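What follows is a single structure, written as structure tokens, with notes after it.
Order as written gives the chain letters A, B, C and D; numbering starts at 1 within each chain.
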Amino acid sequence: MSTALAPARTDERLTGVPGEPLDHRRYRRMRFIRRFEETLLQLFEEGALNGTTHACIGQEADAVAVTEHLTEGDHIFSNHRCHGHYLAHSGDALGLMAEIMGKEAGVCRGLGGSQHICAPGFKSNGVQGGIVPNAAGIALANQLSGNDAVSVVFIGDGTLGEGVVYETLNMASLWKLPLLVVCEDNRWAQSTPIAANMAGSFPGRFSAFGVPVRSVDSTDVAEISQAAGQEIAAVRAGEGPRVLLIHTYRLCHHSKSDDERPEQEIAERWLVEPLVVHGRRLSDSDRLRIDDEVETALGEVVATARALP
Amino acid sequence: MSTALAPARTDERLTGVPGEPLDHRRYRRMRFIRRFEETLLQLFEEGALNGTTHACIGQEADAVAVTEHLTEGDHIFSNHRCHGHYLAHSGDALGLMAEIMGKEAGVCRGLGGSQHICAPGFKSNGVQGGIVPNAAGIALANQLSGNDAVSVVFIGDGTLGEGVVYETLNMASLWKLPLLVVCEDNRWAQSTPIAANMAGSFPGRFSAFGVPVRSVDSTDVAEISQAAGQEIAAVRAGEGPRVLLIHTYRLCHHSKSDDERPEQEIAERWLVEPLVVHGRRLSDSDRLRIDDEVETALGEVVATARALP
Amino acid sequence: MIFAKELGDTLRGALTDDQRVVLLGEDIADPYGGAFKVTRGLSTAFPARVRTTPISEGAIAGVSAGLALAGYRPIAEVMFGDFLTLMFDQVVNHITKYQTMYADQATCPVIIRAATGGHRGYGPTHSQSLEKHFLGVPHLRVVAASLYHDPRVVFADFLRRDEPVLYVEHKLLYPQHLTLPVNGMVGDLIATSSGMLPTVRLSAVPREDCTVSVLAYGYQAHLAAKIVERLAIEEEIFAELIVPAQIAPMDWAPVLSSVTATRSLVTVEEGAGGWSWGAEAASVVSRELFGTLRRPVDVVASEPTIIPSSKAKESAVLVGSAQIEAAIRRAS
Amino acid sequence: MIFAKELGDTLRGALTDDQRVVLLGEDIADPYGGAFKVTRGLSTAFPARVRTTPISEGAIAGVSAGLALAGYRPIAEVMFGDFLTLMFDQVVNHITKYQTMYADQATCPVIIRAATGGHRGYGPTHSQSLEKHFLGVPHLRVVAASLYHDPRVVFADFLRRDEPVLYVEHKLLYPQHLTLPVNGMVGDLIATSSGMLPTVRLSAVPREDCTVSVLAYGYQAHLAAKIVERLAIEEEIFAELIVPAQIAPMDWAPVLSSVTATRSLVTVEEGAGGWSWGAEAASVVSRELFGTLRRPVDVVASEPTIIPSSKAKESAVLVGSAQIEAAIRRAS
């Protein structure tokens, strides 16, 4: 069905240099997402961008970890906070930047914008919850086709408010669909703390439907990746749907400038954010070098994107 | 808000004779519902009725048991299979019969018909699931008013397919609403066995939202009543929403003539249906007397209803 | 040639010929075969691709969307069209958006079949014709079953094209015989068809001799045809009945050419009046044929209220033969 | 007199005066006070009756219905009107049915407030004006916020009556100043109001001197007013702008009396074209004033497609000042 508009444009300085150690690669890829988002927020402040955006600052490890285990034929459905997922999947910084700038060279020709992205193996939509059955349908297609592809859907903690999520968990479980739900619990939904949004048991929300849940309370890309790898392998092996529940934190505001969370809480989380946690595994000089490479590459992307018609 | 069209018309021979033992009363009330439903099905076969109906034959104990603990100010929201609930609540056989006959004297003037009933303290609607938040809203009203009234909603096992049920469980739990969900698990939803409809854990569907579940696998009105009494008392005491999960069986077809379930399965359930189970507590002569009284009273209801304009 | 059976055979043919076709819906599996028995036998023949679902209309639509995005051809059954409300978000914000908002990098050809309509005493929540609320959803086709349209032709069109479609099947059509045009005739009426998903025109006499055009779909078209036939025979009142399959977006050309001849139009639908199907027809025809009409377009629709359960009260609310006949008389 | 602030004050007044009023919605609690800040301060003042909810639009509507059935006056906020889709079942099959199907033994006066509309680059799922799909839902009133209607008057009407209502608030109205008629004027335009929930008419000159009537609501009415004013001053093109608060069911009388004078009508809305608000207007006006119009009714609506995120593409799709001006010129 899908016919790509153009091959995704990637840059090794952003997505990983052949032969570099895994730790470097992971750091680079997270740094790439982080700096993309920060750049975007800056462009918004400059007034260079239209509309709105939801940055995933603080959650970069999730995207990088999960996509490490995906392969050609797998599919990601993402939500409003989709940039990290998309960049980890495709590396296509220019396509996404151009999209958010509303340019014709954008990955959806400027039609979709920040929340509505499509590229081979990837889609997102900005309506909470509804993408979950969509991802399950893709999983059903894979099951019917008899391939071993995995359909992954990213949702937030707040999205567990939407009933269609449960309808889908039930159906996916009944039909043993090859679906992985990645629930990024960043403790907040827009302005609402999880305590005001969710009663009962977080993992119980899934296990009640016979869907196994793997919880990871971590911002460490290595730890998340290990869990993601096992879950994806199980789904790929035909064991039915599974949930990877990642307890993480969003360090930036929800969308553009709305943040009323306790400063202390945010400050504490900056101490354990993915780049800090994983960055320790690299030498200072390697980190600085990679930071630099990412900066240069991203600078080129922004310049190119700005110059686009 | 509610302004009754007319006071509910009751007949002691159907709803309970003052001073009679509880066992007699319960038998009478269940017998009343049973015979009302059977009469209705017969009238349909005769072609005397229009539309469709969902009889609750086999599930009479649930309605009788739950309503024993409700009082003025409490509210019942029921579903497509609402006759038993309504009759146990109001005793208004004539109003319901006239309603299903489409007569002006019907409890909703013939506008609602079998599935859409309203009377003081009682409402029903024929759309699966949507009544659950409606009942929760009534519970919220009671909470805001500071009274100790209980809002009860009856749903079937299959209705756990609807997402809005979970949305509501979450909200009711967060807000500690005085809501009792009575889930009548009759093993089938229309033609679909529970195994094809529900993955995972039945009580887990509720407890995942922090809503305590009391399961009763019984058709014994006494046993169900005991459980219902405790659950309703807890809700009334302000402990938040609770679920009474009754595993029962529907002995008749789903609506009018559609039944493809295994005959053997149905036959086995006839051996443990509520009237048989509870009837053992009465002498043969008491049973026959009550049967007779119910028959006479119902006969009068039908004759009166038929003669209505 | 019972419609429900022909429709079932059509679905069987689609499942046989096209491995991409998947049926989803509540209680559609054997031995039950759906509330209106349309899918009877199909789950036995195609167990993997004919799936009874839990009672989850939102997820049925949403899973169908995913299947379609992945290249399958899902056909979702809605037991009662009244419950299309629970699919509204998937239809409006997912299914019909994907192709365009993704700059044509994906398609989402979901087919939703819904049993609609009243006159059976099912009451307020099981009798509605809610399709009017889906008219004008961008990128959604709404198509109505009728006795003049071969479901094979209709579904061949659905499966050939990449757009999502809502197909409404009035319950009262299920037990009826299809009356497809044969040799240019349907019974005693002259029948003309035009278009890929044809608009059928029926009249007792050539268009030039008709004094009113009647635009109707679904079960109401069947009622209207009987009236058109009877008025012609008994009273020499000649109307041309126009029965589109696709009711949105509309190909107005056949309507305009008919009304150009008759200079009078009545539209008929069972849905509630007010912002209904016929309103758009009236708007378009009044504009396109401005100054040439003999009388205003008459939009016949049901009372804008709940559909009562009682037979007498239901008849007073829903459009039936009496209202159609009166309107044709007025307008002829 | 910023609209968002006035609306917030109106809600505060309602909460103060009427113990039955309860506000529900996503992120409406302090310190956030809602995505558009309308409810800021209210949860602090009325913690029990102003409740932030989980992200559960269906249950928000459904719980509101229960509150209303129990005698309360729930006001539910929908963060983006695009998500009204998820309330559709509650609106169509529950809220608007109860009173009538229960033979007036209950009422269900739910008020739903939805932030609608585009022109902000929010893209396909956060920019829509979906109210057209709610027009003609039996027993539902649809009312549109405008700068010419005092929200206090509007909510007083809602709370006085027992019917459910959908109140659409175009996002671009929030930061604007209300421009209520003062001494029969709005700026340089003559203003006349009629009705309980008034229909406001604005024109530079008396109606007799106007050559076109313009029917618009919400943000589009604000755009249209500026054009009406400018065309009058700069080019002596005189139009009468009619701005209803209640857009369904419509009181057509003020429209008909205006068009009787001008014999020309343009309708304007931001929703997608096709079976839109204006279609019913065209249908009614073409019928009621048959033979007296100078030209067909012109229905101006947005392109029937997704609303793009890119500014340039969004402007090409959504109705804005350019389309309104062109239509008024054509029709005058």
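As a working rule, a residue touches a chain if its C-beta (ideal position, glycine included) is under 8 Å from a C-beta of that chain, and two chains touch if they have at least 3 such contacts.
The UniProt protein names, listed by chain, are A, B = Dehydrogenase E1 component domain-containing protein; C, D = Pyruvate dehydrogenase.
Note that the structure is a prediction, hence the values are computed from the model and not measured.
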| item | value |
| --- | --- |
| Steps needed, at fewest, to go from chain B to chain C via touching chains | 1 |
| Chain whose average C-alpha position is farthest from chain B's own | A |
| Whole-Å separation of chain centres (CA-atom averages), chain C against chain D | 31 |
| Mean-CA-position distance for chain B and chain A (Å) | 47 |
| Distance from chain D to chain A - Cα centre to Cα centre, in angstrom | 37 |
| Length of the line joining the C-alpha centres of chain A and chain C, rounded to whole Å | 42 |
| Per-residue overlap in chain C, given as positions that touch at least 2 other chains | 53-54, 56, 58-59, 82-83, 86, 89, 93, 97, 100-101, 123-125, 306, 308 |
| Residues within chain B bordering two or more other chains | 109, 111-112, 116, 125, 127, 160-164, 167, 170, 174, 196-198 |
| Pairwise touch network: line, ring, star, complete, or other | complete |
| Of all residues in chain C, those that touch chain A in their complex | 22, 48-49, 51, 53-54, 56, 58-59, 61-72, 74, 89-90, 93-94, 97-98, 100-107 |
| Residue ranges of chain C in contact with chain D within the complex | 82-83, 85-86, 88-89, 91-93, 97, 100-101, 123-125, 130, 132-139, 248-249, 272-280, 282-283, 286-288, 290, 293, 295-299, 303-306, 308 |
| Residues of chain A touching chain B in the complex | 160-167, 169-170, 173-174, 196-201, 204-205, 207-211 |
| Chain B - residues contacting chain D, complex | 1-5, 75, 77, 108-109, 111-112, 116, 118-119, 123, 125, 127, 130-142, 144, 151, 163-164, 167-168, 170-171, 174-175 |
| For the chain D and chain A complex, residues of the former touching the latter | 26-27, 29, 31-32, 35, 52-59, 82-83, 86, 120-126, 306, 308-313 |
